[in-house]
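Look at the two complexes coming up: chain A is in both, with chain B in one and chain C in the other.
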Partner chain A sequence: MTNNRKRHAPLLNRCSALAITLLLAALSARPATGATASPLIRDVQRKVVKIYGAGGLRQMESYQSGILVSPQGHVVTALSYVLDTDDVAVVLDDGRKFSVEFVGSDPVLELAVLQLQLGEQEVDWFDLEDAAPAVPGEPVLAVSNLYGIAAGDEPASIMQGVVTAVAPLAARRGAFQANYRGEVYVVDAHANNPGAAGGALVDWQGRLLGVLGKELKSRVTGAWLNYAVPVDAWAESVEAIMAGRAASSSSGLELAPDEPTTLASLGLVLVPNLLACTPPFVDGIVPASPASDAGLKPDDLIVFVEGEPTVSCSDVVAALARIDRRDGARLAVLRDGELVDVVVAAPTETDETAPSDAPADEEQ
Partner chain B sequence: MPSALLIFLAALATTDPTLAPLDVPPDVATAEANRVAAVSRASEATVAIFDSAGKGGGSGVIVSADGFALTNFHVVAGSGPALKCGLPDGVLYDAVLVGIDPVGDLALVQLLGRNDFPVAAIGDSDDVRVGDWAFAAGNPFLLADDFTPSVSYGMISGVRRYQYPAGTLLEYTDCLQTDAAINPGNSGGPLFNADGELIGINGRGSFEKRGRKNVGVGYAISVNQAMRFLSHLKSGRILDHASLGATVATEDDGVIVDDILDSSDAFRRGLRYGDEIVMLANREITTANALQNILGVFPPDWRVPVRFRRDGRTFDAVIRLASKHDPAELVALVQREAADPSRPPGDEPQPDDEDPSDPEPNKLPKLPDLRKLLDSKPKLPKAIAERYIERRGFANYWYNQQAQQRLWSAWQQFQGDDAAASPGYDWLVEGHVAAGGDFILRTGPLQSEIRLPQGVTGAIFRGDLTSQLSPPGSGGLLLAVHLWQRMLDEGLRTFGEVVYLGRLPCGDAEPAECLSCLYGGVEVRLFFDATTGAMISLECYSSDDADPCELHLSDFRETAGRMLPHRWTIRSGDREFATLEIDQFEMAVDGLRREAQ
Partner chain C sequence: MSAGFRRAARLAVLCWAIASLASAVARDSAPVVDDVALAEQRALAAAVDHVAEAVVQIRTIGGLEQVDDTVLAQGPTTGVVVRSDGYIVSSSFNFAQRPSSILVRLPDGSQAPAEIVGRDENLMLVLLKVETDDPLPVPSSRPLEEIRVGQRVAAVGRTFVAERVNTSVGVVSALGRMHGRVLQTDAKVSAANYGGPLVDLSGRVLGVLTPMAPGMTGAAGESSEVAGAEYYDSGIAFAAPWEHVLAVLPRWIEAGDLQRGVLGVGLKDGPAHATPPEVTSIWPRSPAAEAGWKQGDVIIAVDDQPVVSQTQLRTAVVPKYAGDRLRVTLRRGAGDQAKELNTEITLAAELPPFQQAFLGVLPERPAVADAETEDPPAGVVVRAVWPESPAAAAGVKVGDRVTAVGETEISTTASAVTALTSQYAGVDIELTVVRDDEPLTLQLTTEDLPTEVLASDQLGRQPQGDEADANAANREFAEVKLPQFSQAARVLAPAKTTTKPGLLLWLGTTDVDANREFAESWQTLMDRDQFVLAVAEPRDESGWTGDDLEFLSRMLPVLASQYGVDPRRAVIGGEGKAGQLAAALALQSRGQLAGAATLAAPLPRTLTLRDNAPGAPLALLMIATQNSPFSMLIDRDAQRLQQAGYPVSQASRRGSAARDGRLDNTVQELIARWLDGLDRI
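== the complex of A and B ==
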């Protein structure tokens, strides 16, 4: 089901052929002499929602955007402090207001899935099956409630531009590196303004290309980035969350593995588990163990195991137990204020440590 | 067709050698040619505006061949009456400040020296849709040494947007949002549609933490709002915007009136505390904000239909909008604004979509202090000095005088050669009432009376005029006729103060040119047809909290060398009092005065 979204051919080979196809499609879809894309845009605007939640302090807007991805009212949006309240409200472009249920999140992609309490009501939505890949040069539209301009029954704002590159995201937020490092669509529109996160990037046929990410600066230049995370990168994870499976792209069916991973099998020692919710700090590392090979260090705080948030030592033990020790384990730790991805290799294999992350740029 | 696509075509042709050169489809070639033509046409009327000291500036757009150009209030605030305006022909023209609208952030200047200035084609901003292509022209960062405007192309991102007041005055309502780059210096410049028709006046942007440069969110005042205020700006006044005379709140069951002035027209038309407002100016109201958004585009005294609900019943009324500010308050605010244009009056926290350290981010650095300039009385260029009169409440009183003279001359010409001779106060007017029956009106300098089917009533024009409101229900027909006679006899000098207001709705007709005149505590408004010069209506306001008598005049026929109206429709409030069809008109009839006594 998800395979048709994967890119089979190398991007560049397909580029020209696809570009011509798109060009022709674009020509037919856009009146050459007319001056408007209104009907298409109205259709897209109905699928983009305004989200209101926590925030409101200086430079912490209490709003963001989201996209409807199912007839059951599932909304994909950015995982952010805005959702950090029980009182999240979603307002559609026709002014209908819904309370939401938090369905789940993918901390690496920094995306969350909400579900509107629809009752008998119906909504328009993007079919992820119809989502399209984009290539550099493709004309696109960014649809979001940037700056919270739209209120009540006002529809989201539209910006136009072109995909200027498809490239891995190398970005930071303040001193922190962005979690997601995969490919993004870089666009020349000012798409990622305050409040735009969670909005839609669509092509000129109204097909969903990606979700607008949070405000980030380039790790290299410090410039604000304008980008969207391709549907390819998150559809599987979002569908897993919608299907009620706990977490992200890597989580399969929840079967107990033959040889569950344990702290001992990794060579990992956590601080003594004295409280009901002891923070899972690393207390020690067994020399020449998978953990030491992977570069884990004492005082690391384990915040994710295979994308699942771990708030206590017990969480870490339970999460590890769901991983077969022959598969290795993917952790994220907080070290010196920075989120670091760590891949712990399977014990029987030779060293394959995660590339150590360059420290984030200093704030200019 | 966006430029992006054309660049895309070029990129394809050059980067892949195996690809045969593409034939440009004729549609694309045509679209490109059309765009080039539209940009070229639109650029001609785009103005680069500088203050006389050359320290700041902005943009503008010419809307009439005699050089009237629209810009933002915040571009001219603090620059005094003399400006310099550059056109793409490379010539720098003297320009004079005409009128300002500090609430709507509009200003009007007049370029001098030609009467064949290039004029922008005026579009209809109500027809603008999200997704339409649009382009901004102007002088961002004051880059153009030869005054050729910079052009930025983009899309309409939103329509009917509302942007909160920055400071206490400036408020953008029902405005256009575009991703065409709007930068400092674009302020006051035109936003055009793809055909090169003017759809808005650029003036504001959302910038927030990314610094004072475009981030794809610019706002333009709709051209329909600008055109509605244009004649008012030409009056040289400091303009105000409208208020409902009531405040509303969004509640679960709709937009509810939570306070109302009992002196307001809205109250007299039946609106009450607790009523739900459903529609205003034929637009649906779903939130209190939506109501302010719609209201903000009208001048005071504009008339708009309102629909409201009470106890399940729906009522329709046409209400005369009130002023938003007290006139003195407005002048004080403008003076503070002019004194320190970099900081709008008031210490209100800024909306969080604007950079708090930069409350009017799109505003350019201006001269530090208008009052200093005024105190030192700098010598104005001769051409400017001839067209500038300072007066409290006005940006430039000279233009108000001009408008009064223009209306008066046009009216005299309409009246005919003999109009100079006074018809006096002794009239005998006979005819029939449209609803049935006859009437006789006898007038004199001190008293008048009218016999209608319902009876005879009179009025005495000595002492307090404001109590002489007979016949009952007319709002003061006899007084209105008396003031009309005074104007015919003595001209506008009979009135204590005369102010040209601009074009305002007059009865059910198109907006007409309006003079406001004071006499003996009564305000009389004279309405003139902009085309013919005829005086088509008088409105007589005996007090602030009562409906005026509206005397609408039509069916003009020549009588004794003078064009006289033979149909008078008298209205007060939302009711028609009577329509009088005149059969016989006698003026300066001897003995009538005695007879009436």
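== the complex of A and C ==
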């Protein structure tokens, strides 16, 4: 890696001379302050709407945000209880208020598409064709009506930050379960607060990056997550809904194999799963099973299944379930402080005729 | 390698920043905003990319799911390579669950098992070691003196995805926080990057991110690994200086744990920033005591840096570790008498446990009846003098009335005990006694509580009536039951009590007859030494279990009030498993019991031993059976207890003497005499 850099250094140096010239020209040409940002931000704010609907009880705000995605007044927003009423109203940044028609929703992405009853009026909108992907470290703006601060003709609030990570959405189980499992932009601004869901994540050129999701806690860090679902993940589905077809999204949904691998199909017995994160130690091996053939031993700690880290017995069961049992399974175990790779072969023909979960199936 | 790394990093960053600016300028279709800020953030992203290979992902397996009130996340955490041969630094937070296994993902993507080398209690860090054949990349360091408040930084973690680091951006918001230990940043810091580096625009590491509680140093819970985690993503976050980590690394590797250092002094009350560090108390055998500090000394400099307030003193001392040596200048005396003293002090990891001061006086027990009829003269009358005690050396005599300990006037035995709890063993003290109506002042040096059990004639019998023996034959058992408990205790009281009796709560069996027989065998002793014997039954026939603890601890106050028991002679006892439970109860429930007598019973393995408390000191009598495999365990436990400040009397008996539910006479005699001497002061 170091070599690589050294090789490029002279070239880059030459570039930098040019760049400095350009930089100086740029700096003298325009004021390098936030003032230049405001036309751009005004432009973005015109495309983010305030949505009012059902709710109003404690911790169930009756408002959220949405983004305009077509000249016909289509609004993408979060699918939530706020929309559970015939009286959903959308207010634009200039105070214009519209009633809406519910066009459709994508239950996997938990997104809904509304259409403003525009009549003869015109609106600004994000062109989904223009949407950009973001990379970690990229400076971004989150634009939403979080906490319902903006009202009437006030534009949505903006927050600045950077993309912390592009990572699969791993929400904690429970009250805040998310159906979507695909990649999201994690940001370091407190973007996802009450009322923010449905707002826009944009780059500093005003291009739409994603839609802010509902409030979730991360399973990875245990902390509240600030994130947006990338346009790529939902554009197709939203366009389908807008065109009057059913939502086409299957991204982020896992397709279970026909014959998922189970502990029993491998001949593997783990320690009793008493806690939420009982370490996945092997308790026993069924004789003459794929596990015993592979050399797995009691007290092995299973730390990877198909390269996927497993921290608990439940993780192992879940990871195995994603593998078709006809494919065998690659595991890594900790044995006496050493990491050992183990390949468990697919069950033999005789086993396959009895794919039930009976491990005691030892016909000779 | 490090220098090359640094050079390459700077160059790369410069190039990136300029290139991105150039491209920003070149793009003219979209509105371009805030070029400088944007370029700076892009540069930071490049810096992060560069430090990334030294940022490893850590996974822990097993351990607790919750520490204090914090539910721990199961996700991976972050560490930074600190030495190329496999040393990795991370935050203590990431190991709060005490994992059974640790895996580190090395820069090449391979996984390696890791061991914890040690913790740094001051900086809340953990040092890990992995075995590696290839040298790991070590990031370069930004010198502490070059760190500026307001400079742009990125907080880096490797949690969400193994292959890429996650970044949040902010500025350095303060230096020398938490009494000079850490940097502060407003970047978003959480379990997503605890243990990861805080880096500058050129990818140099400023510090390691770790949660800390912004509260008072030394406050309860401050040392918890999860303290401060509730401030996650709040804009208040801390990083332990990388320079400091590098400097202390060799010592850390050698020592394992780096512990906090303590002086062992109490300081004058008042707001810490406005109150001079005046010493108001000195813990015995503490670093301060060994350095010759005295009450009233004022600390005026540490390592030649002037110290005016307690906050400054803390800032000088808190970043140091146990074993560090400090040069402390004291001012002793006031006005013209004041002089400056230079002392050397070595910080300790912990203070020796409290050991109650002992004078060597066995006080006369106030008669139960007299207390109501007439007011006895104030003071404590000496019933016996403990042989070879400070009191014996000072010439205290039987019949002396102790009226003051130091400057504290004594009216009752209880007030004498209170006066002594503020004193340590090994202090010089003035004892005022009245002898033949003449006040007399005696000098003595207090000692630790004794562990020997005195002979019966040394304990100073109090005169007893003649009827005692006559009534002995037909005294009756009382049965004491508690609501909600099926169990009971059978109680035998002395035939005649003129003073408050002691209490021996013995853990018996479910066999009521055996319990009776056991109790009856104590009759002579309970009359002589004036104690009530209660024999309790376990709930279950299989014997005593932890489930019985509640019954016992509820039974104690009932017995105490019913028989007017002297709390300084209320003890619990048992043999074998029952003895283990008795010891556990006594050690866990402070203040209810003055002691525990155990036979052939090592401490329960699961028991966490706390130091003896100044308020409610506890004594133990541990009797082992000769040639029993338990003897060695009991010896070791006795040592542990002794180190934790408990006076432990040890004895051994021949063979198992518990036949027919009875104890050997000599064992009974020993327990009775031990109990009789417990109200010593």
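Throughout what follows, the second predicted complex is superposed on the first by the 206 of 364 C-alpha atoms of A that agree within 3 Å, B and C clash if a C-alpha of one lies under 4 Å from a C-alpha of the other, contacts with A are read in each partner's own complex, and residues count from 1 in each chain.
Note that a contact is a pair of C-beta atoms (placed from the backbone, for glycine too) under 8 Å apart; a residue touches a chain by one contact, two chains touch by 3 or more.
For clarity, every value in this text was computed on a predicted model and none was experimentally measured.
In the superposition on chain A, A:40 makes contact with both chain B and chain C. Applying the stated contact rule after C-alpha superposition, one finds that A:206 touches chain C and leaves chain B untouched. Within the superposed three-chain model, A:264 lies out of touch with both chain B and chain C [touch as defined at top].
Contacts of A:139 after superposition on the shared chain: both chain B and chain C are touched.
By the touch criterion defined above, A:309 lies against chain C but remains apart from chain B after alignment on the C-alpha atoms of chain A. Applying the stated contact rule after C-alpha superposition, one finds that A:157 touches chain B and leaves chain C untouched. Contact with both chain B and chain C is seen for A:190 once the two complexes are overlaid on the shared chain. In the superposed model, more residues of chain A are touched by C than by the other of chain B and chain C. In the superposition on chain A, A:95 makes contact with chain B only, not with chain C.
Contacts of A:224 after superposition: both chain B and chain C are touched. Residues common to the contacts of chain A with chain B and with chain C across the two structures: 16, 19-20, 23, 26-27, 30, 32-33, 36-37, 40, 137, 139, 161-162, 190, 224. Looking at the complex, you find that chain A touches chain C at residues 1-2, 5-6, 9, 12-13, 15-16, 18-20, 22-23, 25-27, 30, 32-34, 36-37, 39-40, 43, 135-139, 161-168, 170, 186, 188, 190, 204-207, 218-224, 275-277, 279-280, 301, 303-304, 309, 311-312, 332, 334, 337-339. If you check the complex, the residues on chain B that touch chain A are 1-2, 4-5, 7-9, 11-12, 16, 19, 25, 27-28, 30-31, 34, 129-133, 154-158, 160-162, 177, 179, 193-195, 206, 208-210, 214-217, 286-287, 289-290, 352-353, 356.
Those residues of chain C lying in contact with chain A across their complex are 4-5, 8, 11-12, 14-15, 18-19, 21-22, 24-27, 30-38, 41-42, 44-46, 48-49, 53, 59-62, 65, 71-76, 100-101, 103, 111-113, 154, 159-162, 164-169, 187-188, 190-192, 232-233. In the complex of the two chains, the chain A residues touching chain B come out as 16, 19-20, 23, 26-27, 30, 32-33, 35-38, 40-42, 45, 56, 58-59, 61, 95, 137, 139, 146-155, 157-162, 189-191, 193-194, 224.
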